[in-house]
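Read through the structures below before going on.
After this come two complexes, each holding chain A, first together with chain B and then together with chain C.
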Partner chain A sequence: MKNKSILKNDAFQSVAAALICIAAGIFVGYLVLLMINPKGAAEAIMDIIRNFANYPRTTAKVKYLGNTLVKTAPLLMCALSVNFCYKTGLFNIGAAGQYVVGAAASLYGALAWHMPWYVCVLMAMAAGMVWGSFVGILKAYRNVNEVISGIMLNWIALYLTNMLLNTVSESGTPYTTQVKSVNTAALIPGLGLQELFVNRYVTIAIPLSVVIAVIVWVVLSKTKFGFELCATGYNRHAAKYSGMSEKRNVILSTMIGGALAAVGASFLYLSGYEQWQTTQSAVPAMGFNGIAATFLGGLNPIGTIFSSYFIQHITSGGAYLDTNIYPLQIADLITAIIIYLCAFILFFKQLLDRRNASKGGKN
Partner chain B sequence: MGETPYAIEMLGITKRFSGITANDDITLKLKKGEIHALLGENGAGKSTLMSVLFGLYTPEEGTIKKDGQVVNITDPNVADRLGIGMVHQHFKLVECFTVLENIVLGVETTKNGFLQQKEARKKIMELSERYGLKVDPDAKISDVTVGMQQRTEILKMLYRDSDVLIFDEPTAVLTPQEIEELMHILKNLAAEGKSILFISHKLNEIMEVADRCSVLRKGKYIGTVDISSTTPEELSRMMCGHDVKLSVDKKPAKTGEVVLDVKGLSVKGKNKHKDKVRNVSFNVRAGEIVCIAGIDGNGQSELVYGLTGLTNVSGGKIELCGADITHSPVRKRSEKMSHIPEDRHKHGLVLDYSLEYNIVLQRYFEPEFVTGAGFLKKNAIREYAERLIEKYDVRSGLGAATTVRSMSGGNQQKAIIAREIDRDPKLIVAVQPTRGLDVGAIENIHKQLIAERDAGKAVLLVSLELEEVMNLSDRILVMYEGEIVGEIDPKKTDSEELGMYMSGAKRDKVEADR
Partner chain C sequence: MVLLIQYTLIFAAVLTLVALGGCFSEHSGVINLGLEGVMVMGALGGALTLKYLGGNPAPVVVIAVLLVSALSGLVYTVLLGVACINLKADQTLVGTALNILAAAAASIIARTINTAENPDNMSTIIKYTDGRKAFIANFESFEFSWSMLVAVIALVIAYVVLYRTKYGVHLRACGENPQAADSVGINVIKNRWAGVLISGVLGGIGGVVYIMAGVSEWKFELGVAGFGFLALAVMIFGSWKPVNIGLAALLFGFFRALSNVYSGFDWLADLNIPGTVYNMFPYLISLLVLAFTSKNSAAPKAEGIPYDKGQR
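On to the complex of A and B.
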């Protein structure tokens, strides 16, 4: 009993399952490419995997690695949001909407009120908390399924944001004014990272998001608060029985989840990397990809750091597909397939579990 | 087909789960037309063995013969076709269907896609008459008694022409009168040539109804005895491996002041529009065990929910040690009140948490286990858990770190009892604390409850087991349809009188003497 096999180790299983998912995703992606056009398939899948390494020069490599990292930060934050709520037993598909209100609050703070970056981040956080609390309050007091309310709130968030940010958009375009041209104080500082990566979008948001992931991990696994949240998530009735306030815990966890996703949005938009397009009619995929990243990360905040990077790596890598051979949408399709298969992680983990069980039986 | 006296022969069955041998070379032979009891403690392997017979598990070794022919039961459908039927402990009925619909479910006769209920009804009425299984075919399952639900389950097997009938602890949910009726039915079925496997750990039932009894212990086959030539003591010795006292020794109660005082309490049921507990008044004093007896569903659960704060009360007053706690939150109440809940999986445990986390589930917020900054003191939790595990003999694979889900029911319950008793409360509310446990574990828990009583604790015990009620309590309150209909001294009553109160046939004016 003491000599526990490495195969039975939970962490090992999670990592193994994640790797199997990734391999399976890439393989199926390759098959699809083969079906569309067998000639360039091998090259194309390698292009996706190589991502920034497609560039021959080191400086270019570093620069484009930076671009991937810039988008990894918000993805990681969305994944943490999903992860946090999942521990309380909630499936936070509303992370996408919380991300959107985060973008709205941070950009409005930067462009309309000319606030410094940290105030904008705090505004995003507040907006995310409020938006997340709607889901939690509906769940706690009216037992409204968080997936339903989350999806509806996503759309409400999108159109409210479009309306709000339309007031700070560049004249004649649907895009919000560039932060750097109006209020440089609202750009998140790089503290040398920009020079290191030869990329002015690389800011302290990236290390900050990793630090937040570690904090989330500590809160969930080491504190009384995390103890209560997880107990509520595993068994609401037992939580109530032991005198925990499950309603309060549900609302708090959606508020914190909302704050995480919203801050993620501010990390992206306050880097100046993207402008918000006020005519967009689809909720940004960031929040949804966060779900995939959470599961691929084995529902562990630390694992999520790596899985978020991987998913962003593949997403960014899709841009390097040869558009002469493959239609532009294929990149999205392939990355979507890979991400989709990542969601099978629990299935693979179960499979590993069962294999061990039957093996153990024959010993 | 060769003639053989056996309906079922399970020969040398071995079934292992990741390192644990649940069934180790077990042989069980069921004669045609006999009632064969299968006796064993929790975790002895009874359920595993029945699951093997029912095709839910494939054994590593051994063969199964039906009427002398070797059969390969790969899934429950095969068992069904071979005429092996089972009444599970928790009935598998569709609540919103009628009795008749439940019986034909899965084997409906149809014509052009329409149900043909007439023939089915005829067959069911015939079966019902022949075996004395009274049912109302058109009543909805949700409206009929537990006894009738069970008869529906039995008819389900008979309707499918099963000739080997497995009963998994069939008496756990019945009233004394219903149990007697069931015993009668079982004998009828056997007389009609059905072969019956009867899983139980209630010795008196086995003595009454079974012809032979096979005993399992810790996955091993201990032996098969003829009931006519054995005693309950011998059976319990076979089951536990040592002598077990079947009745409980206890000194007379030395009662102190009133700990729990309930006045005119009303509590609404789950659907919120009707009071399930109506104007109930009683008290529990230090040093006594007061038992709430009654048939399941007469408001006992709601009464406990109201007392412990899991639901709001709709009227009345609750005082605990002189303080009004009628509207206090759960945590305030649990300072002085322990609660061993009815449903250990629903309320009592976080199954996916480790044993140590479950042991501190009611205390994790105390300064002993959490720092001022809100960090859990994992070492203190581990030490405390290990102390309780040792003291209360909670057994598990990996000690304090074991996931509670993987533990046996008896040890899960031990963990809850350890947690609740060790908090040193003034009042212990124990709801069916021995449900589903084996004789050894029951004895242990009974001893602990009596020890707590003798230490001056007030104990409120809610139980559906008459034997437990009669053995443990100093006073018995009977609940019927949400009211307390009688207060009885256990020394001056018998289970028959208690049964009359429980079924509503007899009632006192208890309210009058308050």
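On to the complex of A and C.
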């Protein structure tokens, strides 16, 4: 009896499904490593899983844990963006482009206008809302598939951003000027976190992103607004019939999704951890990894906190591979397989529910 | 000018092939958002064939490359079919996963082959200078590629199959109203598999044609830069009909070609517009076109919905 009630529990199902996906993803990664070079494969997969724990000294471990966290914050924000839109029935693959315009707005604010960090974050937010609204407006009024418009907007965002940030790049290099050398006020403060992690990139952006995740959870599951969004996602026509403005809800959710992803970019670029390369010819993977984190987190903002950390842990861990033997893309491969398997989660959940339901009926 | 026409035709050929692939899949009721990934896998299979068989007589090379890239695409779409048709998974999510997976897998395979040949070579670039020549016939300054002909043949066959055969009617019925199709004895699952696998074949060939369009080597880390999605935009603009798709592909091909050759036109170069703007064009145009053509969509009614026998 007890066993059955655990199986029925939704949270337990989600966690179990996520763990199965992770295990399967890592196993396939291991098989690929085995095929490339069987000798070091076991060691290599352990290097990826250990990530910062590859360092023997505690201070180094803490420092590199910090680096992983610095990149977890923007990933979590992208995942929340995808999550938020998915509740309204929208697949926000445009999070990648919203992330890109966020990087453009925050870096331009910091480097060209010399704004303090909170203004730069707000600028990113505004840019993300505008960029996200395009997807929503096209969907609501012109019936354009959000995945295709999202992809097109991703590329347009990339080229526009490259052009804009080229005006604030270091002379002679394709990289934007370092924020700390021009405008230290634009760096997000650490409030003691930098000393704690012995890492000057660790800022309040990290706890802030977790707080935002909790807020998103509250909005989606405890407020009328969130309920309306979810209702629109379940059945647009029913929502409209019950007096909800389904067009407004679609546009609002893409605007909020856009803001979340864009703020994520400002969290990374205003920590000074990375400079934008104005010659890059591919949309950054952050937005796409956000999709992985969302589904791995069982479409729950709280679960997403953990899944984002895990995806980033694996991605950062990939850097510890011996690149003389193994290609760097193994980590991407593991992530991709996890997303592919996540598509089955819903199927298995339904199967489990149906089995439980039919058993219950017999009793 | 000749160069502009040449690039327009070759990019139109790619878009036609891939969009027709999407067309078959969607008419059967499955949205193949993984076409981008299918193209990458087809490109990889084709590039490797070009690399290893490059020295052979031209007809052998052309046929082998087309077969291998079609097969690579076909095998890769099996992943989509299993997930979306048999396991009824979310088609958008599966497509996205396949796109990311293809980029990673192709880079890994390309690099592993490079490193095996030369331990110092850690790039994901595959060169096929000799092999590419097999596809080309020069008429004065115009480079005719056999792939243009392949696209035209595919277009004709697609039109005939979809609108002039019993099989085409069955396929389209599965995308419009699968329950009704099932009730008159059409096997929905089988037809959807056929649609998806055909999209794999056409997408795979489109992939190899794309990477051969203007260059003799390809860096597989880059994937195919959203071309699979441009093809889907072409398909929507062409309202899921082969002939319209061909025309839409010419328009999009033209804008894509501009970014390759704009510097060759004095008056365009004089405008001093940065190259980035031209790169942006195809995506911008497709967004505008979608905004004006999606409203009264001619999309198959049941696309994207997994087939459930019990549903009414």
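By our rule, the second predicted complex is superposed on the first by the 321 of 363 C-alpha atoms of A that agree within 3 Å, B and C clash if a C-alpha of one lies under 4 Å from a C-alpha of the other, contacts with A are read in each partner's own complex, and residues count from 1 in each chain.
Heads up, the rule we're going with is that a residue touches a chain if its C-beta (ideal position, glycine included) is under 8 Å from a C-beta of that chain, and two chains touch if they have at least 3 such contacts.
Model, not experiment: these values are computed from the prediction.
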Partner chain(s) touched by A:224 [first = chain B, second = chain C, both, neither]: first
Contacts of A:238 with chain B and chain C, given as first, second, both or neither: first
Chain B or chain C, by number of chain A residues touched: C
First (chain B), second (chain C), both or neither touched by A:172: neither
Interface residues of chain A shared between complexes with chain B and chain C: none
In the complex with chain B, residue positions of chain A that touch it: 1, 222-225, 227, 230-231, 234-235, 237-243, 245, 356-357, 360-363
Complex contacts: residues of chain B adjacent to chain A: 16-19, 60, 308, 310, 329-332, 334, 339, 341, 346-353, 357, 361-362, 364-365, 370, 374-376, 378, 397-398
Touching residues on chain C, where the partner in the complex is chain A: 33, 79, 83, 87-90, 92-98, 100-101, 103-105, 107-108, 111-112, 115, 119, 122, 124, 221-223, 225-226, 229, 232-233, 236, 274, 276-277, 279-280, 283-284, 286-287, 290-292, 294-295, 297
In the complex with chain C, residue positions of chain A that touch it: 32, 36, 91, 93, 138, 142-145, 147-149, 151-156, 159-160, 162-163, 281-282, 288, 291-292, 295, 323-325, 327, 329-330, 332-333, 335-337, 339-340, 342-344, 346-347
